[in-house]
Amino acid sequence: MDLTYTEEEEEFRARLRQWLGQVLPGLGPKPDPNDWPGRRTYDMGWQRRLYEAGYAGLHWPVDAGGKGATPTQHLIFLEETERAGAPYVGANFVGLLHAGPTIAAEGTPEQKRKWLPPILSGDEVWCQGFSEPDAGSDLAALRTKAVRDGDEYVITGSKIWTSHAEVADWCELLVRTDPISDTVPKHRGISWLAMPMDAPGVTIRPLRTLAGSTEFAEMFLDEVRVPVANRVGAENDGWRVTMVTLSFERGTAFVGEVVACRRTLIALATEARKNGRWDDPSLRRKLALLSAEFAALWRLTQWNVSESEATGGVPGIGGSVFKLRYSHARQELYDTAAEVLGAGALDLDHEWVLDRLSSLSYTIAAGTSQIQQNIIAERILGLPKGR
Amino acid sequence: MHFQLTDDQRALQSGMRELLAGRFDRDALRAAVDATVDAPGTLDRRLWRELGDAGFFALRLPEDEGGVGLGLPEAVLLFEEAGRALLPGPLIATHLAAGVVKGAADGSVVVTQSDGALIEWYEASDAVAGEAVAEGAAVPVRSVDPLTPLHRLHEPATTSDPLVGLLTAAEQLGSAARTTEMAVQYARERQQFGAPIGSFQAVKHLCAQMLARTELARAAVYAAAVTGDLADIAGAKLLADEAAVRCARDCLQVHGGMGFTWEADVHLHLKRAWVRKERWVSEATLTELLAELLVEVG
Amino acid sequence: MDLTYTEEEEEFRARLRQWLGQVLPGLGPKPDPNDWPGRRTYDMGWQRRLYEAGYAGLHWPVDAGGKGATPTQHLIFLEETERAGAPYVGANFVGLLHAGPTIAAEGTPEQKRKWLPPILSGDEVWCQGFSEPDAGSDLAALRTKAVRDGDEYVITGSKIWTSHAEVADWCELLVRTDPISDTVPKHRGISWLAMPMDAPGVTIRPLRTLAGSTEFAEMFLDEVRVPVANRVGAENDGWRVTMVTLSFERGTAFVGEVVACRRTLIALATEARKNGRWDDPSLRRKLALLSAEFAALWRLTQWNVSESEATGGVPGIGGSVFKLRYSHARQELYDTAAEVLGAGALDLDHEWVLDRLSSLSYTIAAGTSQIQQNIIAERILGLPKGR
Amino acid sequence: MHFQLTDDQRALQSGMRELLAGRFDRDALRAAVDATVDAPGTLDRRLWRELGDAGFFALRLPEDEGGVGLGLPEAVLLFEEAGRALLPGPLIATHLAAGVVKGAADGSVVVTQSDGALIEWYEASDAVAGEAVAEGAAVPVRSVDPLTPLHRLHEPATTSDPLVGLLTAAEQLGSAARTTEMAVQYARERQQFGAPIGSFQAVKHLCAQMLARTELARAAVYAAAVTGDLADIAGAKLLADEAAVRCARDCLQVHGGMGFTWEADVHLHLKRAWVRKERWVSEATLTELLAELLVEVG
């Protein structure tokens, strides 16, 4: 068990820090959260800088145009960029972390040549079309239909929870190419397609969240035509192809967020000292327990990353354990922030209040806590399937 | 002892529920929310008058003073319904001002009240009960609850009237009962994995805990209304705050992603529950009060 | 909503208090917890006194020899006896609260004449033979078999969690008279029998609990012969007959315990003041929240009792709500007691430590919290059956 | 950075597990418990010597002083195994006394240590580390844990050595891992309603939470062993105490009535976890320490 970083890793960190110190002051101001084109420009501009500095696709395999960095280097990258206050991956999230790695793992050489470079260079934005109104936790029940017509698929259906749909060039889309039946279980019969967002028949409707923002959109597909050549993986094999994507994160999915939460915890203590609520030992105790929790979540991240490094990049199943505890801890963090703020917790102009609202999705998005517990119980503990 | 609603109380309760179903149903609620985009902090004065006509504000005034002559238990039932329906406005302040501020009783005058560091519905109100608010002493706050405009006071005012706590607890109770119903209804309808999600124990047990939380709070709130005792009110407020906030959270969890949308009503319940939790006396003070009582009795 | 007691109820309370004041000082010392014959004598001696004073079978119907008291009077009785420190129902628990009421509701006139009077007078002790090693939460899966042989049943099987088995005269026994099959679902085919505990073939083995005591026993039945005349209700109708028993408590099941818990809470505060732990606001806060919880549980008890009074003694389903919260609150009460005691929480000589150990069974016995939540979800909220 | 067990650490871990499986398996554990009825507080001296021979006490002594020359991470792995097996005796005190008290390192001398108001295994030990205990200053207590005899000290002694906290946390971790396994195993085997109870979500999710609690504590305990940092140890102790106590409680709940019997091992884990929770520094002090650090960093 070694928690000290190697000389090579420390060098990597030092170079990165130096570069961040040079480049960040020159960045323009953050765009307004509701200015989607502005956000695209900002986020992809940052990706361009990473690209030019040699940090783009750090964790991607070399033959996909990436740097083939170790999970630990990726951890350091995410930790340092968050610490330095660098822009978040933002509009490039799906391209860099989901669609790209999927194509890198399952695409043909031609598909890789076509789609991967513009992701790394910050030229093309991807969005995700997986969930549907009736297929949430039960994603495999998706019903958006793709019917083969010559060398095209004709697609009809609707998708939900799509981020950056308004500004995306491509959508990684899951469609049903073989209807569910007695012989076709729902996990079969799904295909993975790259859909151009400007294809006729694609309609986007912003979806307002309880935080008042439009982080997500609904997407309606009315006889949208997508070339068969845009399919990654075999027909009806899209579920497996997708799972490669979903489990590609090698323990690094929440690195930046844990760093940010620990910073918030310190800010809470500072604010509490300022407004006098620090005098309440119950509050001090809550903050201390959260501090222990987030410190342990950081250690668990290091553990998971090291494990995936040891297994050659194959992610472990520890991610569900992390996600379950982290989601809950993050919600508690912002409930505690509300205690620190007192009546101020009702003031939307305080960033913690907006963060508190956002945190409400944590036990739901990317697999509800109920689903995570099923995964832990069935896949890690080997308890029998059931309800 | 007969700790059950009387027939009259049941009739009052269902009468109020019907009035609100007719005058402030879900469409009206959402329209009110939508209206806040262009005209935040606007109160439906006509509805306010109708509430006045229905005796909502004059409920506890003696009949010879033009009131309905009923008591706290009946008031609690009405405020529970208001909480269920997410009825907006400084309802409690106006109710408490009936017989004190002219026009409050019949709903022709809207009265609000300073409460700690905040004041609700300051601009839409005609009068402020409690400590006076000096010109310019109240600064608008971007309220987390779209239907509760807030101002922050430079000089926090203390609201010591336990009835603010009791009636707030009644509203929290109504909200908790409503979010429990919403969760159960959604769990019956929403299908995943080939079955209603309400057939899965994880969802089932969330709903069961919601009901238990609500019913325990109900017993506490109703009893506090009957006794009017400060300790009973303190306990009722603690349990009802917890019930309203936690049930809204669990309701959101049962609704999954849909619960995270603006279109679902869940967030309106959660945000209002947060607002109500800040009313009257802080949780820390309430628990100290109850702790002190344990020592005095012992 | 009326929380004041009627003049009649207050008179009842005053008379009871007066009687308790007279009779309690003359009671002998409590027997040792491991002295079962002594406990029988003590508990049944108390029942005898109740009988002579006219308080026996207060809540039983008049035609069963009871007083036909209202649930409110029963509530007052339980509250006052607990407050005064009167003996607990003890060895007479099953007779007075389960077997007796079952016989009163479902027995023949002859059965009532035979079994009810000795329960009320404190002459006969009953125990319960329901649970089996493989039929706990799933009680209806019980397998103890009764085969008809002329006018007798021949019974073979085993029972568990039987209290007072060593000193009981009778056992209310659930047996399978019709084996489970495709046509016989498990809830059918069960019969209710009164088994004399001195019948040949009955073996008792004490079952030690984690508290170190032997509150329960296992019971092994080897071809025990019980007259068919000892069956209450029709053959194979025992499940329904039993449910009458289990739901007979009209909201009064935990009255004494809630009174005792509220007293413990005050004692905890007193002790904490003495040993200085009261200075910790976190502890004060916990005790205050428990105080609010138990006060509300008392109100919920009054609510449930009033409801059952309004419906003519038919118990509501609020019992599950009460049981769920109460079990949990009681465990928290003793966890908080451990905080008050500090290192003293490791000392078995402190009664709260033993009470803490006992409280561990609360979320399990008489329907686990999981089962209670199923009941609430399915029977009260109408959620679909499932797992 | 490579935060995973090395091959040597794995070998050490499995070696210790095998040693305990051979010398202190479930039968031996129950025999030890049964023996406390007639001879409470008796320690198996032969086993103690064998632990000494295996390097349990001398683990961290330099090789040139006759030790094994390993570090805290390795010690934590051994104490985790001891916690899994519910190995009795003043293991930590003797381990910490190796190289200080003659005979401790090879297990020929049993050393205990005063800790706050209590001292474990006072009569069975040959020596007391830390503050001396005056004749008659230790009064026997009827210990809740049959395998941890306790005395109460008139003058509470302070144990400030963080290693007591770290190694105790390691034992708690082992216990939490073991009760999680026990719950899962029982949930797989126990049939109710025609299915293993582990197929019901309520039970499934209890087990999932147990694992999550244990694995988070593991990350904290292992990291604290690597850094030796006081704040890391404080956090690890808090999480490991919580994991051991809550996992034992949940394990009991999964076992239902059987978990409430003396014959089941669940209660032994719970009671020992309670004993270990009282060791070193109180929860209140630990949280104050971590809170203070938040301020210093900020």
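Labels A, B, C and D are assigned to the chains in the order they are written; within every chain, residues are numbered from 1.
The criterion applied here is as follows: contacts are C-beta pairs under 8 Å (C-beta built on N, C-alpha and C of every residue); 3 or more make two chains touch, one makes a residue touch a chain.
Because the structure is a prediction, the values reported are computed rather than measured.
> Which chains make contact with chain A and with chain C at once?
Touches both chain A and chain C: B, D.
> Looking only at C-beta pairs that count as contacts, which pair of chains has more of them, B-C or C-D?
B-C
> Computing the C-alpha centre of each chain, which chain sits at the greatest distance from chain D?
Greatest centre separation from chain D goes to chain B.
> Could you put a whole-Å number on the gap between the CA centroids of chain B and chain C?
Here chain B and chain C have centroids separated by 39 Å.
> Taking the mean of the C-alpha atoms as each chain's centre, how many Å separate chain B from chain D?
49
> Based only on mean CA positions, could you tell me how far chain A sits from chain B in angstrom?
Each chain reduced to its C-alpha mean, chain A and chain B end up 38 Å apart.
> Among the residues of chain A, which are close enough to touch at least two other chains?
280-282, 285, 370, 373, 386-387
> Residues of chain D that contact two or more other chains, please.
Residues 195, 199-203, 205, 284 of chain D touch two or more partner chains.
> Report the topology of the inter-chain touch graph, choosing from line, ring, star, complete and other.
complete
> Flag every residue of chain A that touches chain B in the complex, lowest number first.
131, 134, 136-138, 141, 160-161, 207-210, 212, 280, 282, 338, 342-343, 345-349, 353, 357, 360-361, 363-365, 368-370, 373, 387
> Would you pull the chain B residues touching chain A in the complex into a rising list?
So the residues of chain B in touch with chain A come to 116-118, 141-145, 150, 152, 191-195, 199-203, 249, 252-253, 256-257, 259-264, 266-267, 270, 274-275, 278, 282, 284.
> Under the touch definition given earlier, write down the residues of chain B that touch chain D in their complex.
For this pair, the touching residues of chain B are 200-202, 205.
> What does chain C use to touch chain A in their complex?
The touching residues are 280-282, 285, 386-387.
> Which residues of chain B touch chain C once you look at their complex with the stated criterion?
Per the stated touch rule, the residues are 1-6, 9, 73, 184, 187-188, 195-196, 198-201, 203-205, 207-209, 211-212, 215-220, 222-223, 225-227, 231-232, 234-236, 238-239, 284, 286-291, 293-295, 297-298.
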